[in-house]
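Chains: A, B, C and D, in written order; residue numbering restarts at 1 for each.
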């Protein structure tokens, strides 16, 4: 391989058809309320862990759908499962079960 | 020796039952931890044994707790248990008098009427006939009630009744047929030999007028014996297994054995002691709003049959009402908590970020206030607490003013005990690091885990307890008003930690406290329990509305509670203000 | 008896005609097509009820029949003369209609999706409009790709030709968002295995029950809503479409393939509106719809006494509101013709265009 | 794909192209990288079409590269552009034909700016006069050189000796057309066919017998982007853009790429080599690369000009397989021999690309 002093950039574009949506499907089958999310961000604003870290349920809910499981996995680590997000969610998303099922799905598919 | 081939089914059934039970109980006892076994052996020589006997009489025969919850149901259970017990006792005595022998064949008392026709021969024989017939009548009445309950459970004041599995059905139908068949068999015999009491004798005469009793007598005894056979053989595989198992449970429990941390042989006794009476279904608020079979009785059944679903395990408010009302005293909420750990996750959470984010107080103080996640969602509570403490001149440290590290109980409720421990470790460090001597929290969820799992070595109080102390010490004075209040007992505070009186005493200092239909240990859950991972939001709201309906029945001016989560939950559905006890105190200070 | 000519036999024209005739006026209803019903005649089911559009047209037609409105089908106005308080209209058939009031119910046209070139309508085989999809629904045909395959993924693009200064339409067409949700549900009902993606800028579920329809689409039909406007579509080798959108909530561009792309075309001022404006000398508003005398209070009134508006000729609207507006217009005409003082009220003039760049 | 739909759009994007008497403005990049292309353009116009075209030796860069790299202010660009117009005026021409797409974009943009803000035109006249003493008239017609070839595409086809056809099968060659961004992106109405479905190159390909491929990333930029290429560390960005296009066009099995921009053919050509070296990935039939041409080169091939006179030897991707396919004769020995027979030198040995 020759060194030209530069290399190709990884594409920022989400290639929807190339990502792995098994995790989303797994979660959706067990907790369909995830699809009620309208990405308003109320959850992220109230999040106890989000006070100290970058945790955002809104982003997790979204990136999960896009199959960007690496980020989901990393971010979800900080969740304390306290349930504030669930209480403020205007659409009734069962956020805590979503989180649990995501982690379970990550284990299942060894993501 | 009395013998006819028809005794074989009964004898065989009784032997099989005995063998199965002995094998099973032996296995469970072996599975118990050594310390528990030691407690059990020594229990025979301690008052525990006599306490157990008394409890067996009270609960297994008389069914006092069932009576308390539902008199009709209690009567039915008592009729069967105590009635059958007496039937066996009197039958045995009768046999002894009859044969003038101390040892008889075990089936002799059961089939006595068939073998012995000469009723005049022994002491008090007519009296025995009367007693035996009377007991049979009671049992027949109980059978009738049982059948009627199956068809019309509402007649018993029960909205729902348990669903049966095959083993249950066979055992149930055989039990239903035992006493009617005994009645027929004895009547037929007495019709031929005129030796029955007021019931079988009369019926025998009546039957003999239109039935060929000569041909029917033997088949009837066969049928009776066979029904007993079926019942005995299926008993260990049906709900009726609870009858023998409960005796052991009562004894073991009285010996101080309990399930904690993980399942043991004792847990098996607990699980198999469930009579599937169905009381827990009616007491479960989830049953009101969802058709799912998730109540304690189903949960235990699924464990017994080894088909436990995660749905069942996690679809529970853990409010503790089932345990509170269980006539057998099975701690289903504890068992469910333990079962949840089967689903715990290997990894996936990490909280290293927590401890460095929360600094200790600048100056050492004695009192630390921990608002908790939920209190941050209901800021009026923390504002009220701060106002009260400032006004009372308390120097305190607001531990989680700038962000809360969750107490870990929500995680623990999800079965992830290991991860919850990580979180607790961070929080414990923060609390210890703050150097306080008394920890006050507004959140019963936090309070419970602080007390039960943190081992902080300092005083941990709910804010209602602390506020009462301030009031009693005269640091705050409360102005009574004309207002009337209803109080909602939070599950974790009430049933969980048995703190019922402090909030009530505070309310009483501020106005009049109304009684509600179900309060204290019987109180309803607000519906928003963090323990439930399955119930969809609309159903939670339905539960909340049921609870509110009951709480607001007597038109209070305000509804008081002592948990930020309950307040948050109840506020959306209430047409009167919902306040935390701290807010009430702050307003009336 | 006073005469009124209603121009446009869509839902607003039909209902206004019936109400005016019921009030005792002689009403001529002019419709350029050979049937009444206007755009609704091409629509299959209605949001949020999922009732057939034909039920509404039938209901309205019953009124037109019952009140003996004189219906002129396949007719157009070629000339208008104004004499003091009356008008003379000449139709293509040569009929001369004298009247005391004119009600304009000239409706809207659908945005020509070909003008949104980057979406490839009319170029790519599997790009259709919401109106095309309604035609498929009405015909009872299966939803298929050009090659006759059942689409496994369908995309809906919101705001095609609406809220788009480049396309010349700055306004919101109001009904497309909820139409997109309705059609997404219908496609999912027909093809339960299909994945449905709706690409939106904002979802405007403003009407009663619209939000519930949206929630149903999420909850029961697993329709995915992606916040991001389609930038461009391109055709893949197999005829499917490669879409480029930004997933604005992820803050990342996204490429996604769909088998069928449905463009939710917006409403534009109709050809009839432009024509009647020039025949009558009426002003058009900034967006090309009729300019009403006042934005809040005089929405049925034109600047010419005796000329009134009803329905979507003054801006996009729902069926419900178009019918209500038609009845309001009928009342306004009645008040005007009866000489009631109410008709003489005046609003302080306002500047409609203050919102827009200097004009 | 419905051709009629494209035609419907194309009819909205027609423009006036002067018939004769052109003032030619060369391209900085092209006259260095593809000198044969500009020579071919002049040769076609003068010899084949008998047009009057003036190749002014006095004109300079339009400043496009500097302008788009944010190092030349707009006023300077305007003044330089004004100087070109002054040269054209002095030479007695009214029809400006720049060879560079970016120049075409610059001229169009400046003219549009002067139209919208006439005060800037006056200011520029002042600046130019102060600096050089020159005065100028605005050109009557500004088109790109590819527009001229487009206009005369049928004449070229009529005079041509070859068509864009695979001689062995008789099938049309599958051709990717790539339009420079500055051709119609800024002013869709200044490009033939508009910005979304430009017709300028597609029209040539059709007239000369080829088949245009419309692939998903057709509209994507080649990635040159001035700044992106000029700073070495940023070149990965340019590379990524081109690669995206290659990946997208690959399944369509294109025989060649035709372009009308200075940067695009250069980068689409060279990046194939870089990708091959960096990732071991090669495109085109047998992995020998997809040859990239300017429209003049393709016109020259159609007209039967000698491939080495067109300058095809300076391409990174070897053109011989395509010449063979089209049945165009060439002398391999003369490939790297200059006009006077001197050795031009050869590209270095490649490690990854097949058959080069």
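Assume contacts are C-beta pairs under 8 Å (C-beta built on N, C-alpha and C of every residue); 3 or more make two chains touch, one makes a residue touch a chain.
Every value quoted in this text rests on a predicted model; they were computed, and no experiment measured them.
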Chain-contact steps, minimal, separating chain D from chain B: 2
Chain whose Cα centroid lies nearest the overall Cα centroid: A
Farthest-lying chain, centroid of Cα atoms versus that of chain B: D
Length of the line joining the C-alpha centres of chain A and chain D, rounded to whole Å: 46
Distance from the mean Cα position of chain C to that of chain A, given in whole angstrom: 39
Centre distance in Å when chain B and chain C are each reduced to the mean of their C-alpha atoms: 63
Residues of chain A engaged with two or more neighbouring chains: 33
Pairs of chains found to touch, sorted by chain label: A-B, A-C, A-D, C-D
Residues of chain B that touch chain A when the two form their complex: 314, 343, 345-346, 348-351, 353-354, 357, 373-374, 376-377, 402-406, 408, 410-411, 414, 416, 423, 528, 530, 533-534, 536-538, 565, 568-569
In the complex with chain A, residue positions of chain C that touch it: 215, 218-219, 222, 224-225, 227, 247, 249-250, 252-257
In the complex, chain A residues that touch chain C: 12-17, 28, 32-33, 35-36, 38-39, 58-59, 62-63, 65-66, 68, 91
Chain D to chain A touching residues, read off their complex: 232-237, 239-240, 243-244, 274-275, 277-279, 351
Residues of chain D touching chain C in the complex: 1-2, 4-6, 8-9, 194-197, 214-219, 251-252
